[in-house]
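Naming follows writing order (A, B and C), and every chain is counted from residue 1.
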Amino acid sequence: MSTLRFMVDNFEEVLYLSWEHIWIVGIALLIATPIGVVLGIVITKYEQSASRVLNGANILMTIPSIALFGLMLPVLAIVNMGLGKVPAVIALVLYSQLPIIRNTYTAIKNVPPSLVDAGRGMGMGKWKLLRELEIPLATPVIIAGLRTAAVMNIGIAAIATYIGAGGLGVYIQQGIARVYPEMIVSGAILVSLLAIIVDGGMALLERLATPEGIKVQRKLSR
Amino acid sequence: MTKLLIKLYRVILAVTILALGVVAERTGLMELLSDPYEYPVIMELFIQHLYMVTVSMLFATVIGVTAGILLTRKRLRRYAGICMYIIGLGQTIPSLAVLALAMSFLGIGTKPAIFALTIYSILPIARNTLAGITAVPPELIDAGKGMGMPPIRILMEVEIPNAMTVILTGFRVALIINIGTAALAYVIGAGGLGDLIFTGISLMQTDKLLAGAIPVTLLALFADFLSELMGLLLVSKGLRLSD
Amino acid sequence: MKTFVRFAVCLIVISALSLSGAAVAGEKSLIVGGKNYTEQLLLPELAGILLEQAGFDVTLKTGVGSSIARKSLENAQFDLYYEYTGTAYTLYYKQKDNAIMTDPVKIYNWVKDADAKEGLVWIDPVKFNNTYTLMMSKAEAEKLGIKSISDLGAYVSKNPDKLIFALDSEFWERPDGFKGVMKTYNFRLPAKQVKKMSVGLTYQALKKGLVNSAMGFATDGRIVAFGFMNLEDDKSFFPVYNPVPVVRKAILDKYPEIQAILKPIAENLTTEEMQQLNKAVDIDHRPVHDVAMDWLKSKNLIK
């Protein structure tokens, strides 16, 4: 298969671009997660702002990716960071907010009130409740949100090539310009592979993060 | 504390809108839009964009809903999982790649773009149709059978109306992604608002960039709103009340 | 929760390590930029190989539009890239003097002096002229009796709806681009007869007959390979476009040997050879790096 030959012949470049791609998505997630989780927790405590924050994040995600990348350029050009990985990462952080905030919010809201009551009955204060009860129980769903964000970001990062961020999108961009189908297909396959691997990896993480008790409970209720 | 947050939110909103106005003025967006030579070009691109989105969504909806329904029928139900998985794999391919691949096989221009957009929009619709119909409470279907309804009537009068909310959500998601992906179609020679965005990026002309980015965003937001409206029309009152 | 924290810590550590790795490499490192078409992938590759041979650590950042490349150089996001004299003269400095821009020496000196004030140094120019061209298939040009851009203009004025033209958005917008051509040659192609696409696709569109005429670059190997002809620029609208490495002054002061290292490219690369290199990448689909290495070896520039 000529595409396979292409990937084998350019193995170093394949690795380099894949690494660039992973780097962009990874950094974006690293930044987006604390922000998203904290916001998610905050809006569970301040119900009235919940719908607004969720709406705001929803609007962010509705903005077409190339438009958001494009908008980063003039805004960041002021600080001379208009091109390259920085605007790409920032845009990806913004895109990731909705899945993360929404999942955090839903997860914490779904902690059975009876458990919260029991905790309060045991004398747990607000912070202790959060740390030892609500967050551990919510973690699997939060990770599910991260998983959605990660897979989404991998796809969107392919478009970031057009603002100079590099990554596997380069194969698609150059493949189009040079009318080089093997390159395009390589780019497409590599990104998809990356998405599938990350999806699987995060599913594993989800399972690891589920407290033993819940796993048992799920098994019993089947 | 909450009141303070709400006030803060309102202030941020107002400042953002004002800032956008300033940006529009300073980057020459206003001049660009009122330039008699440029304006018809922008309108033409807008219409091109709308055309691609409309045609592809039409195909995608017909194919997607049909596929979703077929996979819930008794004989084909076991293939549902596999089919959804395969279509799902297609979704992991980034939109840009789907466009580029369509170009390699079908050439340059609007036709391959519409083809790519159609394929990309089928999944959310098909998957939600399948999920929505599967989730219809079996008691309702039983009731229909009990009333002597033939399967086709059950489909039209029980299953689809009850699944409508979920199907509409799939439609909405597909539509928004479609509008965004159509902006990339410029790259394979299909025009559309992406023309302005990519030109703006490559020449660092912010007015062009905004002239493309803002209409696309507004279009997506409008599509979101439109879907809500469709929900009002297509979802029966009784179901809506229970939401 | 614990697992999550551990995972996050691992990610942070990995990123920190790679970032610091990049910082350590900062010793004798250069960022060479390039635009988004094949020639602008080859020239930085040639430069990069020679610079690495001389002990530099080179990062290539190619694939952006002209204005972005220029901005990147000004903002020190690039250390050097190959710019064309004509592009700098007409696009960045918005000059129109026909006497200067059709003379390769005059235009070179003009942009060199202008950029010296901006802290950018133009070193040795490469000899070939990669001008924009308007192309048509030989067969169609003969059929319609079109040999020059004036002929094209006359044809369009008589038959405004017959001809479709393919170009990229940069060529449409630039002062040395299509709008300028239409003005100088006094014709107006209606907007719907103009098809915009990514720069490499114009050749494909013309080859497949989707358009009647297209924009191209003079040194592109596909012009000959696909049987196209370049319409004569009889009114000398286009300036001369010699590629020249433009380096940030701070970098050149620090490493003045860069000029000597890159000089062999300027002295040895002819129009025909550039066309061959472009063809090898675009038509034979050979990797850019290999094509560059082969050329350098053939000129005994690789030790």
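Criterion: a residue touches a chain if its C-beta (ideal position, glycine included) is under 8 Å from a C-beta of that chain, and two chains touch if they have at least 3 such contacts.
Note that this is a predicted model, so its numbers are computed, not measured.
When you average the Cα atoms of each chain and compare centres, the chain farthest from chain A turns out to be C. The highest number of C-beta contact pairs joins the chains A-B. Between the Cα centres of chain A and chain C there is a gap of 36 Å. For this pair, chain A with chain B, the centres built from the Cα atoms lie 21 Å apart.
Shown for chain B are the residues in touch with two or more other chains, namely 187-188, 198, 201, 204. In chain C, 36, 64, 68, 71, 198, 201, 204 are the positions where the chain touches two or more neighbouring chains simultaneously. The set of chain A residues touching two or more other chains comprises 77, 82, 173, 176, 179.
Per the touch definition, chain B reaches chain C in the complex via residues 40-41, 44, 107-109, 186-189, 191, 195, 198-199, 201-205, 208. The touching residues of chain B, counted against chain A in their complex, run 1-2, 5-6, 9, 23, 27, 89, 92-98, 100-101, 103-104, 176, 179-181, 183-184, 187-188, 194, 197-198, 200-201, 204, 206, 209-210, 212-214, 216-217, 220-221, 224. The residues of chain A lying in touch with chain B in their complex are 46-49, 52, 59, 62-71, 73-74, 77, 82, 151, 154-156, 158-159, 162-163, 169, 172-173, 175-176, 179, 181, 184-185, 187-188, 191-192, 195-196, 199.
The part of chain C that touches chain B in the complex is made up of residues 36, 64-68, 71, 166, 169-170, 172-174, 191-192, 195-198, 201, 204-205, 208, 210. The touching residues of chain A, when paired with chain C in their complex, are 9-10, 13, 23, 26-27, 30, 33, 77, 80, 82-84, 135-136, 139, 143, 161, 164, 166, 170, 173-174, 176-180, 182, 205, 208-209.
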